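There are two complexes below, and they share chain A, which is joined by chain B in the first and by chain C in the second.
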Partner chain A sequence: MLSEWLIIQGIIERGLIFSLSVMAIYITSRIIHFDDLSVEGSFGLGGALMALLLTHNIPWFVALAIVTLAGASAGLMTGLLHTKLKLNNLISGIVVTTALFSINLKIAGSNMVVGNKTTLFDLIPQTSNLKIIILIPVICSIALILRWFLKTECGFLFKAVGDNPQMLTNLGKNPHTYVIAALMLANGVTALAGGLFVQYVGYFSIWSSVGILIIALAGLILSESLAKHFGFNLIMGAILYQAIIAATFELNVDPEWNKLITALLIILLIALKKHSSLFTQRQS
Partner chain B sequence: MKKKNLLLSLLIIGIIISAITINKTRQKINSTPSIKIGILQTASHPALDAACQGFINTITQNTNGAITCVVYNAQGSIINAHTIAERLHADNSIKGIYAIATPALQAIASVEKEKPIFIAAVSNPYQLDIINKKTNICGTTDMIDIPGTIKRIKDILPHVTTIALIYNPAENNSVAQIAIMKKELLLHSIKPLPIGITTEMEIPHAITSALSKADALLTPTDNLIASAMPIISHLSRSAQKPLIACHNDAVKQGAFMARGVDYYESGKETAQIALTVLRDGKKPYKLPITPTQSDTIIINKQVFDELGITIGEISDTIMYINLSEQGI
Partner chain C sequence: MIKLENVSVTINGKNILKNITCSIENGDFIVIVGPNGAGKSTFFDMISGKRIATEGKIFLDDRDITHLDEQHRAAFISRLFQNPQLNGIASMTVAQNLALSNYKNKTVSLTNGMKKFPAHLSSELDKLNLGSEKILQTPMKNLSGGQRQLLAFIMATILPPRLFMLDEPTAALDPQSATKLLQFAIKFINDHALTTLLITHDPELALAIGKKIWILENGHITKQFDVQKGINLSASDLIGHIDYQKLMP
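Up next, the complex of A and B:
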């Protein structure tokens, strides 16, 4: 039973870290209706900066704060490109991600080993290897803070930007300010995920951010099949996607079929949900 | 409604977990007393596939099925590599892990501290901060003899004045090799022209531009370049300029010459090391990590004829290989 638990623990741990990216995608594409592709770049930026700061003996909590701010500035760039230079939202995200690839290479190179610097995960004895004990409260409290924030006045204005920008103008507010603020929040959270991932695995690799967008989007879609609001369903969605990837490897098929199996499992899950909700509706 | 959703999500997670558990139990029932080696391959391209095949063939030949291999491929994703690494770590039936290329090694080394890890296609394991006194890592590296290679290039192609270095700046091993290449080329008064490529889409543009500025192309042992070798060799042949590679499989794909690593051989050598650990009970930290480069120069006969080169006196063995034009 121990070995099964190790696999499941790994799935939950990675799911928890990537759920921050799912939350970021939720903020951009579901609240302000801005499909932001720059999250892939800011996840890498968070990781690169985290590796650099840790190797320069900056304490991990200071590093996490700096990394979040750096991610927010990446979001600021995307927002400025969109609102001031009038670039299409997809293009501004692509441009920022492309530029950040070079910046990340300059910051940390293609691969940077953190070594045995103290990280968040050293709060528990290293031998126990139960990183999950730290991740659950950290990620859940971030989710709760974000949920609370989205219910404040500022959070409602974010929603208004997405649904009805005219209303903000009528209220005498500039919608652009809120678009930029939401992008900063989303990219800051993603960069935090990147930083946590580097602390989790112990090294930075330029390739680790490749595919984050898909992980985040798939997590969001899966979470929406559970519930549409901002809450723990987002964390569940991210964990589900990691479970699907792990299940693919567990099936032990010809490696070349892996991605197809992953795709089939996702289709199966969403179809199952659709079908079951139809079923319950008919019953009621 | 909310409760139903929660129940449903728990149900789905439950199904996945039970699928994993059932699969495990099935494995336990089916498992013969044979030893299993889990193979974690970073990505699919001919060089790494060769390293994998060489390993499997040697293991099967030498043990008559007493040791079996299970192949997992991360398809270039670091996150997948971690998922697989954790799986291999947790599976008690797996007694050793064969990691192909640096990302696979880093992923497995971050979780696995006890089972032996055998490596191939890793250029500089010492730089990764994972080799220590009681290390569980042993195997082969693909670090190449760059000064020697540059000297042979100067012997075989004496008129070359500018060489374009095609590499991926986002790969650790390539960056390290390029730094040495630049220095060595300057020593032989050849001008290096570094061309960085980070995605396969950029390759046609970058190579065409490099071919117009340089007399020859040189590539390190780079994963991205290795996967794009057919297009790079095609472009350099159309431009009538020699392409020099650092892994021998590239010559089969249309590169002019290589004096480097034969990944099939390095897989075989790593397999021999794995056998001494698993069968003879040697401790991994007592075994050195050995380089696998051979001194033979491998030349593609067709490209050689197309370029019309004559080779003078050289002390090394030259092996010419003939290949049909098919596919390239």
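Up next, the complex of A and C:
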């Protein structure tokens, strides 16, 4: 019974952390309609930098702020490549992610153990090991802040720039500014997820960031089966994805198949969605 | 007053607008007609700043705005596009679109996005019989093309611009919606004495609403008529003045 609870707890905790990347993907692909691949590199950047900062005795909360800003800088780079050098969305993201892979290796090597440094999770007694108690309020607060932000004037302009950039020009606003700002926000949030993940597991591995984009995308598609808006459905989607992966562990599937399972899951979900929309159209 | 002096626009080596010199006086309602490919939309793009003139100068009163970009010219120029998709945010509600259109020339902040909702426009919406209470919460994408263009008109004129440009605003609409939009637009433009440029292919419409009619052919303004001076011009006469053979190469 206890081991089952620990598995469920782990699923929820990982889901909560990865839900930040789902939120990031939601901002880029659903709000500004920019398929941003740099989110993958930013997650690794957040993790690498967090490991380095913690091992240099930087307080965990300062480190979280720094990794968020570093992620935002990566988003800025993607945005500048796209808006100033006119690189295609995908190419801008690939270029930044590729560059960040080397940078992350230089920052923290392929692995870096944080050791017994104080982290966010030391706010609760070590013996309880209930990191979920910390993660639920932290992640829910971030989700609520982002949801509030999207209802502000700046948030409205984010939505507008994704839908019709000409409209921003008509309003005397620079569409590029808002594309870059949204990319900075998304990459900042995903770097924060990378940083939190390192604090959670206690080490950085360059391979832990590989495939984050597809994990986040799977979480996003799952969340959209619950609701389409920005809200707690994104967290539920990320948790649901973790549960599916955990189920494959239970079925003794070799973890090396994880990425293939994720890819197949995405294909299946998209196919189901298309099939159901076709069905709905036929009904109407 | 907007003044163009020897303005040319070249795109990919093609001379689309050639040495145009003209003046748009305050309160003018100028209808631009001409064959397809004559350069009418490029003429609008050049005035709005979407395309910067390759040669010549553009003045707003005495200010040289030749090199001012579209974003900054939007402070005094509003434009209604032929394609309703370009005139609003499809995924946002009508109320959100109206609030958004009131961000023009204002700084935006982290306050509620609906704070700048122009409540005074409810009466305008009532006049349009769009069922303003219900329509406000309807996503823009669920409206008909005619409803979208009407709302786009309201949004574009929320702050009366120095120059209002309408690029075939009724081209994508059914005749009933087109009439409704034109009636509303003409009344609004006349009531507010808006300086207006309108592109149309309809000579009867041009004669009915334009105070002046300019014919644009092959990148030149070839003829100018002042309807206010009581010229005797019929729709067929106007068509006769347009050389439809003189298309762009």
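The rule we apply is simple: the second predicted complex is superposed on the first by the 252 of 284 C-alpha atoms of A that agree within 3 Å, B and C clash if a C-alpha of one lies under 4 Å from a C-alpha of the other, contacts with A are read in each partner's own complex, and residues count from 1 in each chain.
The criterion applied here is as follows: a contact is a pair of C-beta atoms (placed from the backbone, for glycine too) under 8 Å apart; a residue touches a chain by one contact, two chains touch by 3 or more.
These numbers come from a predicted model, not from an experiment.
Trainee: I'd like to know which partner A:156 touches here: chain B for first, chain C for second, both or neither.
Mentor: Only chain C is touched by A:156; chain B is not.
Trainee: Taking the superposition as given, does A:243 touch the first partner, chain B, the second, chain C, both, or neither?
Mentor: first
Trainee: Look at A:273 in the shared chain and tell me whether it touches chain B only, chain C only, both, or neither; answer first, second, both or neither.
Mentor: First partner only.
Trainee: If you stack the two complexes on chain A, which partner ends up touching A:164: first (chain B), second (chain C), both, or neither?
Mentor: second
Trainee: Answer with first, second, both or neither: which of chain B and chain C does A:172 touch in the superposed model?
Mentor: In the superposition, A:172 contacts chain C only.
Trainee: Who does A:84 touch here: chain B (first), chain C (second), both, or neither?
Mentor: A:84 sits against neither chain B nor chain C.
Trainee: State whether chain B or chain C is in contact with more residues of chain A in the superposed arrangement.
Mentor: Between chain B and chain C, the winner on chain A residue contacts is B.
Trainee: In the complex of these two chains, what residues of chain C are touching chain A?
Mentor: 70-72, 74-75, 78-79, 81, 85-92, 96, 99-101, 103-105, 108-113, 115-116, 156
Trainee: Which chain A residues qualify as touching chain B in the complex?
Mentor: Answer in residue numbers: 2-4, 6-8, 10-11, 14, 101, 105, 109-111, 113, 115, 201-203, 205-208, 210-211, 215, 226-227, 233, 236, 239-240, 242-247, 249-252, 255-256, 258-259, 269, 272-273, 276, 280.
Trainee: Give the list of chain A residues in touch with chain C in this complex.
Mentor: Residue positions touching the partner: 149, 151-157, 159-160, 163-164, 166-167, 169-174.
Trainee: Can you check the complex and tell me which residues of chain B touch chain A?
Mentor: Residue positions touching the partner: 2, 4-6, 8-9, 12-13, 16-17, 19-21, 23-24, 41, 44, 70-73, 75-80, 82-84, 86-87, 89-92, 102-103, 106-107, 110, 127-130, 168-172, 175, 198.
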